[in-house]
Amino acid sequence: MSTVILLALTGLGLAALYFLVASGLSLVFGLADVLNFAHGLFLGVGAYATWWAAGNLPGAGPDGFGFVLAVAFGVAAGTLVAILVELVLIRPLYSRTIEQVLVTVGLSLAGVALLQATWGADARPFPRPEWTRGVTGILGAQVPNGGLLLIIAAALVLGALLAFLQWTRYGLVIRAGVENREMVTALGIDVRKAFTLVFAIGGAAAALAGALGGVYFGTVSPGQGSSLLIFAFIVVVIGGMGSVLGSAYAAVAVGLLQQFVNYYGTSGLGDICVVGLLAAVLLLRPQGIAGKVATA
Amino acid sequence: MTEVKSPEVPAPPAAVPAELDPRPGRWHRVRPYLPLVALLVAAILPYSTLQLPGIFEGPVNSPGTLQLLAICLIFGGLAAGYDLLFGRTGMLSFGHALYFAAGVYGTDILVTKAGLPLWQAALLTITGGTILAALLGAVALRTAGIAFAMVTLAFAQVGAILVARDFGGLTGGEEGLPLDVSGLPEALVGVTNTVNLYWLALAYLALVVFVVHRVSGSPTGRVLAGLRDDERRIGVLGLDPYRYKLVAFTLAGGLAAAGGVVYCLIVGGASPHITSSELTLSLLVMVVLGGPGTRWGPVLGGVLYMYLDHRLTAFGTSEAVDSLPAVLSRPLSQPLFVLGTIFILAVYFFPGGLAGLASRLTLLRRSLRLLSRTP
Amino acid sequence: MLATRGLTWRIGEVAIVDGVYLDLAPGEFLGVIGPNGAGKTSLFNLITGLRRATDGRVLLDGKDITDLPPHRRARLGLGRTFQASSVFGSLSVRENVRLAVQAHRGGSMRLWRRAAADREVAAAADAALDRVGLAHRGTALAGTLAHGEKRKLEIALLLAGEPRVMLLDEPMAGVSAEDVPELVAVIRSLTGASGRSVLMVEHHMDVILELADRIAVMHHGALLACDTPETVMANATVQEAYLGESL
Amino acid sequence: MTAMTEPVLTVDGLSVRIAGLHILQGVSFTVAPTGVTVLLGRNGVGKTTTLRAVVGLTPRNGEVRGTIRMGAQSLLARPTYRLVRGGLGYVPEDRCVFAGLTVAENLRLAERRGITPAYDQVFALFPELERRARQRAGSLSGGQQQMLAIGRVLLNDNRLLLVDEPTKGLAPKVVTEVTEVLERVAESVPVLLVEQNLAVVRRLAKDAVVLAAGQVAWTGDAHELLLETALTRSLLGVGTGESHRGPEQAVAPGKDGH
Amino acid sequence: ATACGSPQDTASGGGDSAAPVKVGLVYSQSGALASYGKQYIEGFKAGLDYATKGTNKVGDRAIEVTEVDDAGDPAKAVSAAKDLIGKGTKIIAGSTASGVALQVAPIAAQNKVLFISGPAATDAVTGANKYTFRSGRQSYQDVVTAKSFIGDPTGKKVVVFAQDGAFGDANEAAVKTVIGGAGATVSSVRAPASATEFTPFASQIKAAKPDLLFVAWAGTTAPAMWQTLDQQGVLSSTTVVTGLDIRASWPTFGAAGSKISFLSHYFDGASDTEAAKALKAKVGTVDLFHPDGFAAAQMVVRAVQEGGDDVDKMVAALEDWSFDGIKGRMTIRAADHALLQPMYQAKLTGSGTEFTASAQKSLTGDETAPPAVAMKG
């Protein structure tokens, strides 16, 4: 029994990580229609900036408030990079979707290489509060605190994103802008600002995922973001592009599936099952679990 | 009726297939022969001892240069085959690497593990790769747009996992599987015979370009071009979109598998790099870099991409880079940084790809002439 | 020739097309009118197979085609135009029509022939372009055509397929005043002696009145009336629901 | 021309090139501060191109020359969204409703900060929109979409409306309704209208501008144009006297126009 | 100037007894294994300096080293090798990655040039062919060292935790032969190399209650894996053995580091030989793969000294050669070109970013000798 609980809770932790990565991706993908391969870069920037801040920023550190400050710095850095990328690289290419995707591909190559050039290819130990290394006993299962932290963070991010889409007009503007950008401007709306905002939020979510992923993995390395990206993509697609809630469902499904199959089945079967789930969902319901609509 | 389309993959920046609309021009008499001339030049290139310092390490006829060129040619052909899907039919597949990898691993395993003679292995592999493409395509084509891209990606991912798992020691896992050359024809083994591999690669490229060209110019190619624009309309005209897409998918898959066979010989083995989704992404990059839907664009893009990919490692360690201050030399010594940057710049400065460059230049010339006439 | 038997399409509880019985005789010209949103385009979609009917049958020459995919229906001689022009934007105008001709001539996979070399196809395509008066625009990319020109190209695409039953969805919408008579003539020449049947949705009443043998009126998905133009125009409900007070 | 008062829009020597094609070649006209000015011409002469140049929506590969002024203010080189916030309403030719959004969302999008949206007015004109508020705009019928496109601009106060073929594809009854709406709108806001339906033109237009091959072929009083059969025929290619084969669609038996 | 030539020309090397000897180093300067490559090349340079007594010459022939980056990609490595061979290079060394080593080895055999594989740990390089040697350790030697941790294996229960793929397969197979062959029951828990969450595997391991857990895991997810094993109480319930990676990775073990028994190929201070001193003087802090480069240079010098330009003579000169390397006495076994060398047991102490490794015990080259395999080509 305790094994099942352990697997379920750690599976949820994994799902939370997937969701954190996927949420920003889904937002940018679903709203701005950009299949953002540079998302892994934003992740990396967030992780490295947090790592750097904990060591160098006055007031920041691996513990307590200092850690919060370091993470805040990391998120800010990720957001900033995302905004810059949108302004400089994506914006001039609007309505040329394929080219936008390709620019993000180029960016993911160049950006990760840049991280590597700056900080080396080796994994660096990630600063983190001591308690994240510990475990909490829940019904006989030793659940890692890092996973619990991820679950809480993911729930908060989910709530915040839903509120953003629900209570502001931006969701609407962006969805309309994806369909017909010209017409949105013809209604007197500066659609460019809205797109930049979406990128900023996507970047912030990615950077947060990077920082918390660092806590989870205990290290930070240049390629970390890209390796998470493939599962994040799967989550986004299963959940339905642009649906934040769908991503949440899909992340939970993928995380639990992987965890249980890996325990009860043979190694590697977990990944194959996830891929199988993706294919099955798409063949039965090409728009994903929650379809295209991005309101929730 | 205005129906919202499911999240569609935008059709690539379309170019009218040149094959369908032969516009008469000054060139039109010479033009059909240009590819032949290019082929001929490429074929006799290995007889030249031309030194191109900075471009190639050694003279053109040195094995190192020929090997590099052979790899470039293979990817030129691969990109041209992929363009049949992407540029000409508007299908965005993220799993094309699978069929290429099937070609590489198929040949390698049949030769090395099963001990088949090369020609049998090649034949079996190409047939197998084509059938694989037909089967998986038949399933994947039940979806469209991004969903299609993701289903193909998923299939390719399973392929990658299987290769990495190394079932029965068949694939060699992450270490790859060197090709056992003992049963191979003499002429394909050894550094001195690199030129034969080069010719093989050239033949492959020529074959792909010819096939793609013929198919695009055929009645079926016309339907494919129509599919790219409006699938619904094709159905209403009385043609089954599914069938045509499947044919394109299968054909492209078969061509990729054939490329895999040659690549396996050139590199002398298989390694899991080629099963990664990054390879498909690079194919996409190559096609867009060159110009989707054009005859020479994808070839050019593929050749250039592979050339940069190989040569940038040398660039990164060159004196010129090392002598720069650290802020510059560190990133510049990362080949992927340079490649990514070049790629981003290319998207900006050559919209429509390298193939679009010519027509843009013509336009520029014309407007300059106009300017000079109207003071 | 073409018949619908209680054709119905529901989305949830709402019937967009509601139990429509239509009969189209060979050579007949049936106009379809009705307020915006009455379900005319939806009816066309059901007949051509772009939408699956939730109920009812579609018969062509007495044969049940309700479960066939669009392309099979087209091969049986069912052709249509779209209300919002849907032409192949990245192909030239001429290539658009050639594709349609080719689709009509035979759908078998021909990977190795040269399409451009097929004289018959080219000739038939040029003839179709000529008939709608677009011959001079042959090399333009269809995507760059002005709206009215696209409408004409739509009709050329239809002509190229030589269908026996033609469904025209507002062919006149957006066509400039000068070209209306010309298009009317083209459409008229499609019918009559050739034995082709036409089903045409149109809001230009004068065009309908001029061409149609009978007029069907749709309202809220259902068939309100289907009769001779005179009778229909005299119908009080039609006047109230559709024509309103004229300018 | 009734140029007693300052024109609200002045277009002077407007030249537009797109992808190497010289589509407009020095178009000049003005729009009077009241009433409807109608822009006429055959398919493809550049009517839509003119309107799009005014709202700054010429495609990126296009090039615009000349001057476009609203009052004393030049419109060129200002981003579209600013022009629209400044009171320029645009109803595009192909409606451009957001297919993936519901009707209500389409309308909500058109609200502008600081202005109370005139929902009452819009729903009074188009009750259909209120009934279908939750339907996706993409599944609306053609006519319903047109209503939505017009309704969208009417939520706000405008200084000038640009309307491109609003009656295209509408049922006769709705044509009448739309015409009446525009007539009422034109009482408070000047309208530049592109229209093929001469009955509508006759009912609404005060001034007319006729384009032919990218140039202005005629400007003047709209009724003058429509009354002179010979002139109409030479400029627009149709007679106006008998309405049987012409473009006038709203012909109900037993009643005649005017 | 354009000139014509045969497409099958290759520059013929040597002939001139005073001409420099060309040595090609194909290794990772960029890519995921760049830091291994960096250690390798530093070691090689120091080794060359040491073996030629600072002259960089063998006799009066200078050693001309060409470095080529393969970015960890076998295809690039093969191209580079062909290029070098085409230019008359008779000696190729390098190969940071196993995949590269395996694909370059046949090229060497086909063209009859000497190939000295570098840090690549795969057992398959040993006995690959007559022309292929190795300058580093192989997985098998790791496992033999691991065995030394449990004393008498008879009746003991050993679990191998390894990632899927050839690296894991090789380790599992080696454990089965070495420790299983000595009387222990060996079972395995495998996980995909891409796994990010290790709880299921930790639970499986715990359920198996092993006397010894042998972990073969490489890659960036290792820290997460260790943390999970620690959290689930695996580390404190049994003896856990794994290979000690490069210094940069030490801090990532965190608290788990002190609970693990390490087998080590090399770490700073593991040995105190002449060569080690010379190396330390050059590079400061010595790391895992410096010895591989160092040994490669020693082998190159030996090959040139004895063989001149004749590759077959080089091979003969290297076979059965014993020399004093960084790690102590090293021997190239003639039968399969395995490099017999000392291995170490180590402990990690420290905290934060400051960790030190100390040797517990060292095993001689004979003690860790892998079983001889037949030469394949």
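For the reader, a short list of remarks on this structure follows.
The chains carry the letters A, B, C, D and E, assigned in the order they are written, with residues numbered from 1 in each.
The rule we apply is simple: a contact is a pair of C-beta atoms (placed from the backbone, for glycine too) under 8 Å apart; a residue touches a chain by one contact, two chains touch by 3 or more.
All figures in this text were calculated on a predicted structure; none of them were measured in a lab.
The minimal number of chain-to-chain contact steps leading from chain C to chain E is 2. Ranking all chains by how far their C-alpha centres lie from the centre of chain E, first place goes to D.
Every chain gets a centre from its CA atoms, and the centre nearest the mean of all protein CA atoms is that of B.
Averaged C-alpha coordinates give centres for chain A and chain E that are 37 Å from one another. Annotation: 46 Å between the Cα-based centres of chain A and chain D. Centroids of chain C and chain D (each the mean of its C-alpha atoms) stand 28 Å apart.
Between chain B and chain D the centroid-to-centroid distance comes to 49 Å (mean Cα coordinates, whole Å). For chain E, residues touching at least two other chains, in rising order: 30, 164, 192. Annotation for chain D: residues 99-100, 140, 142 touch two or more other chains. Residue positions of chain A touching 2 or more other chains: 113, 116, 268, 271, 292. Those residues of chain C that touch chain D in the complex are listed here as 33-38, 41, 83-84, 144-149, 170, 173-181, 184, 203-206, 210, 233-234, 239, 241-247. The residues of chain A lying in touch with chain E in their complex are 3, 6-7, 10-11, 13-14, 17, 113, 116, 120-125, 133-135, 142, 144, 146, 216-219, 221, 223-224, 227-228, 255, 258-260, 262-263, 266-268, 270-271. Of all the residues in chain C, the ones that touch chain B in their complex are 41-42, 44-45, 48-50, 69-72, 74-75, 79-80, 82-84, 86-92, 95, 98-100, 102-104, 107, 109-116, 118, 139, 141, 157, 161, 169. Taken together, the chain B residues at the contact with chain E in this complex read 46-51, 57-59, 61-68, 71, 161, 164-166, 169, 172-182, 189-195, 198, 267-269, 271-273, 310, 313-314, 316-317, 333-336. Chain A meets chain B in the complex at residues 33, 35, 37, 89, 92-93, 96-99, 102-103, 105-114, 116-118, 230, 233-234, 237, 241, 268, 271-272, 275-276, 278-279, 282-283, 286-288, 292.
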